[in-house]
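This report refers to the structure that appears directly beneath it.
Labels run A, B, C, D, E and F following the written order; every chain starts at residue 1.
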Amino acid sequence: EKLSHYDEAGQAHMVDVSAKSATRREAVARAFVELNESVLAALPENPKGNPLEVARFAGIMAAKKTADLIPMCHPLPLSFVDVQATVVAGGVEIRATAATVAGTGVEMEAMTAASVAALTVYDMTKALDKGIRIREVVLESKTGGKSGDYRRTAE
Amino acid sequence: EKLSHYDEAGQAHMVDVSAKSATRREAVARAFVELNESVLAALPENPKGNPLEVARFAGIMAAKKTADLIPMCHPLPLSFVDVQATVVAGGVEIRATAATVAGTGVEMEAMTAASVAALTVYDMTKALDKGIRIREVVLESKTGGKSGDYRRTAE
Amino acid sequence: EKLSHYDEAGQAHMVDVSAKSATRREAVARAFVELNESVLAALPENPKGNPLEVARFAGIMAAKKTADLIPMCHPLPLSFVDVQATVVAGGVEIRATAATVAGTGVEMEAMTAASVAALTVYDMTKALDKGIRIREVVLESKTGGKSGDYRRTAE
Amino acid sequence: EKLSHYDEAGQAHMVDVSAKSATRREAVARAFVELNESVLAALPENPKGNPLEVARFAGIMAAKKTADLIPMCHPLPLSFVDVQATVVAGGVEIRATAATVAGTGVEMEAMTAASVAALTVYDMTKALDKGIRIREVVLESKTGGKSGDYRRTAE
Amino acid sequence: EKLSHYDEAGQAHMVDVSAKSATRREAVARAFVELNESVLAALPENPKGNPLEVARFAGIMAAKKTADLIPMCHPLPLSFVDVQATVVAGGVEIRATAATVAGTGVEMEAMTAASVAALTVYDMTKALDKGIRIREVVLESKTGGKSGDYRRTAE
Amino acid sequence: EKLSHYDEAGQAHMVDVSAKSATRREAVARAFVELNESVLAALPENPKGNPLEVARFAGIMAAKKTADLIPMCHPLPLSFVDVQATVVAGGVEIRATAATVAGTGVEMEAMTAASVAALTVYDMTKALDKGIRIREVVLESKTGGKSGDYRRTAE
């Protein structure tokens, strides 16, 4: 077992996936933005707009920029992206799904979508409370690819 | 007090900062990537490369893409960006600083830099442990601008 | 009077605005997407989502990419962008506003925001009718700058 | 029949095209920029440059940015893009063609290329007449894919 | 004298230019693409198109992407960009000029514009000769800023 | 033999590669940045940072932006990118490799990666000597595709 993205001389590079077969791969990531009571109370007060909608769209668009942001990520023809943002006890839960038919996985696309959606919730609410915390960004599951499926276990 | 980015009809838009004076504004954000012992042990084994360096550069470059990622952010002429990534007990601590001389603040630039640096650490280490967690992204401090300075209080 | 963006030898280039004073400039553009009755009827049937919201966000984000899209446009620190999308008789009317404090105007930013919002309405409705027409994209008004104000006259 | 890009709960997302077969798909879009006599007369006066050439290149490059601009568009490996811009009676006619071998169509790529080429014509001529109108952007035809071919009928 | 972009601990970062005064700064860069006789002879055979025009536009647009490409470059509001491409004995000479009114210089914007214009000439001619060489990219001159003017001396 | 990227009417466009079979294609490009003795001596003086590492990452990320920079390049799903930067007599030698499984080659991706890595070395060292020269950017080799393999011959 070793770090990904390193060649034999120890230098970081993009892993060669030319020989990997193009199969469907999917990943789900999750982020949580902790909001206090008064910020949560302010969220639904918007007659027409909705900060969670802005966050969802930002997350979807960010998934498509993953290879632009993460140096060693391969550019991938994403076949599906979805981001859900839900008000739950104590904050907003974000769940991002990405899929591709390609030679490498989409964990980073799902993680990036979840992160940027969370950052957007922060941006839309920070006037009320600068101390708002993005409390976690994690990979929930991945399927497809030679390395096998992964599903996060409950903590 | 109300949500930022909303007009009187409740629709999300970019806040008009035309009349705000261009003064120096700085923000510092922090992210923490939780790594288990075996991943932490693998980090320094690279003779020439360094995942923390890749993360730092990714964070610096991401700060410049903030307005591309966060829908209601203004494009800003950043005058300074720095990202530090340090191995500490239990993981990697990231600290991102952004500054501008402009009519609006750079909180989102610092938060975006910290998030993308954290995502890059995840990408560089996920072959060892897919369960790695970005455990928090927070604003540490901001200075400059009419709304006053902010400094995160110890929890 | 001559074409903008051309030097004395007739070659296209970016106009030099170094000596122009940075003052507030604003522009408003309008686009109209013609929709038939059955498409208009389908628009409000979405319980949670709203194609007009997606169009608005796409337009706002596109304004920030104007200099990336239009070869001779200057990159500008936009201080304000808003896009409104309204169902009217016969279709969706889009109105995009952009502002900056800079040495050149933001007509192209407003025109680009209106165009991309209109393209997004097309994308969100084309499954119902591929013949949907973006029927016009025009500059409604501009203020600020040495060349004086402009207001489109009724036709 | 329903709006594209919506899931069962009515929330906008990117349609999952993972299972669609990769076949050649082509789309042609058309835009028209209305120019008055004096602007049309000024177009060929450039000894070396040519606003229509700038517009063509801008359109070709914009086709490649479609997924960056239109929120629910899939990133596609475009196999062909061409944009023609021709002076006709009353203005400039733009015709954009895009093709791919993929699981989804390229209507939006052709529409985006035509729109940005039209915006560029506006940008290159607006010094002569701010009232110039982009009078229509439409899909001319599409071929390939399960939904069948489409050809715009004469009005 | 020391390397730019390094802090006291020797880590690369973006230099803080917050305190520098915004004055006009200009830079000129030059690139040379060496072409053999048969390629040079093929250049003017295009009845309507012109590879040098494509190269010029690519260079102008690339100048605006400099901060996206060069990690430690500041995003700058460019006030002027021009690229000239001329057939000379033995190849194509490219000359790129960039200007800004800002707290830091535009050497990298001029160098990037010249490089990308040269790469585009290569792309447009490589079907005839893959061995075509970009033979040099250099800074010709810079003016403005505290570090003084620079003019390349003849070799 | 004729210029690539031109249609029968002589207008530049993107070549249609829809019918080409997706096979593995690889290209290697080389750039050389000439540095004088004092600049070369300053390079290793950085206790923690390393301008060659910044250059390597910039080159890798730039390869992914090739279609954004070079007007007639196809967007490609790159399966591998690597950039090496080595101190040699008289300067820094850069060697960039790109690979894809697609219907067209990656010469421009390798050339762009080498160029941007060279520009980044210039940026990181220009405080010491503005006269630093990028002395050549060339294609070293290509393999795969119908047009056959190419290997640069020694001069």
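Note that in this section a residue touches a chain if its C-beta (ideal position, glycine included) is under 8 Å from a C-beta of that chain, and two chains touch if they have at least 3 such contacts.
Keep in mind that what you see is a predicted model, and the values were worked out from it rather than measured.
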Contacts shared by chain A with chain F include exactly B, D
Chain C onto chain D, same sequence, C-alpha superposition: rotation to the nearest 5 degrees is 180
So the chain most remote from chain B by C-alpha centre is D
Distance in whole angstrom between the CA centres of chain A and chain D is 31
Two or more other chains are touched by the chain E residues 11-12, 49-50, 54, 57-58, 61, 65, 68, 71-72, 75-77
Contact graph of the chains (line, ring, star, complete, other): other
Per the touch criterion, the pairs are A-B, A-C, A-D, A-F, B-C, B-E, B-F, C-D, C-E, D-E, D-F, E-F
Listed in rising order, the residues of chain E that touch chain B in the complex are 7, 11-19, 67-68, 71-72, 74-77, 102-103
Per the touch rule above, chain F residues touching chain A in the complex are 24, 56-57, 60-61, 64-65, 75-84, 99-101
In their shared complex, chain E is touched by residues of chain D numbered 49-50, 53-54, 57-58, 61
Listed in rising order, the residues of chain D that touch chain C in the complex are 1-6, 9-12, 42-43, 45-51, 54, 57-58, 61-62, 65, 68-73, 107-108, 111-112, 115-116, 118-120, 122-128, 130-131, 133-139, 142, 150, 152-153
